[in-house]
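I am attaching a structure below and will ask some questions about it afterwards.
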Amino acid sequence: MITSSTDIEVRYAETDMMGIAHHASYLPWLEIARGNLLKERGISYAKLEESGIMLPVVEIKMNYRRPATYDDIVTINSVIKERPFAKIQIDYELQKEDQIIADGYSVHAFINQSGQPIKAPRIIKETLAKEFD
Amino acid sequence: MITSSTDIEVRYAETDMMGIAHHASYLPWLEIARGNLLKERGISYAKLEESGIMLPVVEIKMNYRRPATYDDIVTINSVIKERPFAKIQIDYELQKEDQIIADGYSVHAFINQSGQPIKAPRIIKETLAKEFD
Amino acid sequence: MITSSTDIEVRYAETDMMGIAHHASYLPWLEIARGNLLKERGISYAKLEESGIMLPVVEIKMNYRRPATYDDIVTINSVIKERPFAKIQIDYELQKEDQIIADGYSVHAFINQSGQPIKAPRIIKETLAKEFD
Amino acid sequence: MITSSTDIEVRYAETDMMGIAHHASYLPWLEIARGNLLKERGISYAKLEESGIMLPVVEIKMNYRRPATYDDIVTINSVIKERPFAKIQIDYELQKEDQIIADGYSVHAFINQSGQPIKAPRIIKETLAKEFD
């Protein structure tokens, strides 16, 4: 299992008139969390894209259990539970003061610059493989 | 079954460096779509909130099948398939030039101003009931 | 003078915990307004970009005079007052129920795909020239 | 003069199809920067709002000089140059690797919960006064 933890501070611009972080604001947080998960293993998503490999989101699922609001610190725990082949799934658990406020997952395909699906690139497979053994 | 259709024009600000609409941009589109679904039945979400009833998103699921990009017209077909009780689910299908590019659903709770869950308010139950009979 | 008018409906996601449209939400509205101004004259900004010409924002100024909130219709009147050379300026006036709620302007440079500044492309100069004469 | 410095990491969701951070993305960054400026002086903007005092943006000006892109670290230097009375102005300079990439300012009014303009609240005046003497 591959894990990572990222802290987010809820921005004022992310709140809505209900007084809480808007549900769409959570998706960019997850994006930061999985970027950090890769970065901690020496993989820069920015460089992956420069080399012509992209990981678009093909599926997303979120459960919103408790609200977050402006200035809250939200801790996002990300986990990769299975070796990636054609796709990669990342699971997320979001906590605020030790309470789970949301959870969910994202699934990503690997595509090249012409938008064609490709297999998981070697750098991802090899880097992650170490932690699955 | 209760249905509604809403056209969205993809904004430049909604694209990302992959050249396509960012996956988080879709969630505000769904919000417009379900706002219209209610509005077409005489229910203003703005007035619901003024009267102290809120419908926060408690669950969201999206499948992204094909990209959308700047200036694309995306048609969102929204459907309520079951009478709402403690929660309400709306299903969405997003089309671009007659191709389904994404689908998914959102689930909403009914809460009052103190954040307590309540049953579906009468105006929603009665208005929607007509179409379920 | 070159003018155009665009109606925007304030999205729920664009509000913040003050209960009003967040000030950053206005910038994508202006982007839609100037896209329409060009489109009404037969110029597609999407196609301009495909042909390698981009108009990044180099300056923006906004005065927020009265709030807008969810479901409000905001009318954006856009004006080009001077022929574009190295840059183009668009002025905006935002109205809600005949009251001016905001105004401002954006200035854009013309750049090519390598990010180098270029002069206003012929299609823009010629199309706009007709209306300045 | 009152100064503060905040680092921002450009989010993927903040980029657009030009491959750079969208100009509207900068405004939430400034919001974080001025929130930190106050926080470093013991003033919580969240608590100010809870006590019924709000500082809506009434004016914003930005010059975009060089692009920022995904994963870039942008340092925002914020300055209050004049004692606030009915309004408060904050100036910003944004740097990336020691180059200024943007600058601008925001002006804020002080309002109470009924939206009426008020004078700068005592906590702001007194806290900032120390640094102006």
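Which chain is which? They are A, B, C and D, in the order written, and residues in each are numbered from 1.
Here is the rule we go by: contacts are C-beta pairs under 8 Å (C-beta built on N, C-alpha and C of every residue); 3 or more make two chains touch, one makes a residue touch a chain.
Note that this is a predicted model, so its numbers are computed, not measured.
K.L.:
More contacting C-beta pairs: B-D or A-D?
P.N.:
Higher C-beta contact count between the two pairs: A-D.
K.L.:
Would you identify the chain whose Cα-based centre sits farthest away from the centre of chain C?
P.N.:
The chain lying farthest from chain C is A.
K.L.:
So the centre of each chain is just the mean of its C-alpha atoms; given that, what is the distance between chain A and chain D in Å?
P.N.:
Each chain reduced to its C-alpha mean, chain A and chain D end up 28 Å apart.
K.L.:
How many Å are there between the centre of chain A and the centre of chain B, using C-alpha atoms for each centre?
P.N.:
Each chain reduced to its C-alpha mean, chain A and chain B end up 24 Å apart.
K.L.:
Please report how many Å separate the Cα centroid of chain B from that of chain D, as a whole number.
P.N.:
33
K.L.:
Would you please write down the residue numbers of chain D that are in contact with two or more other chains?
P.N.:
12-13, 17, 20, 24, 27-28, 49, 69-70
K.L.:
Viewed as a graph of touching chains, is the assembly arranged as a line, ring, star, complete set, or other?
P.N.:
complete
K.L.:
Help me check something: in the complex, which residues belonging to chain D touch chain C?
P.N.:
17-18, 20, 23-25, 27-28, 49, 54, 56-65, 67, 115
K.L.:
Enumerate the contact residues on chain A facing chain C in the complex.
P.N.:
Residues of chain A touching chain C: 12-13, 15-17, 19-20, 22, 24, 69-70.
K.L.:
Which stretch or stretches of chain A touch chain D in the complex?
P.N.:
Going by the criterion above, the answer is residues 9, 11-14, 27-28, 31-32, 35, 44-46, 49, 69-71.
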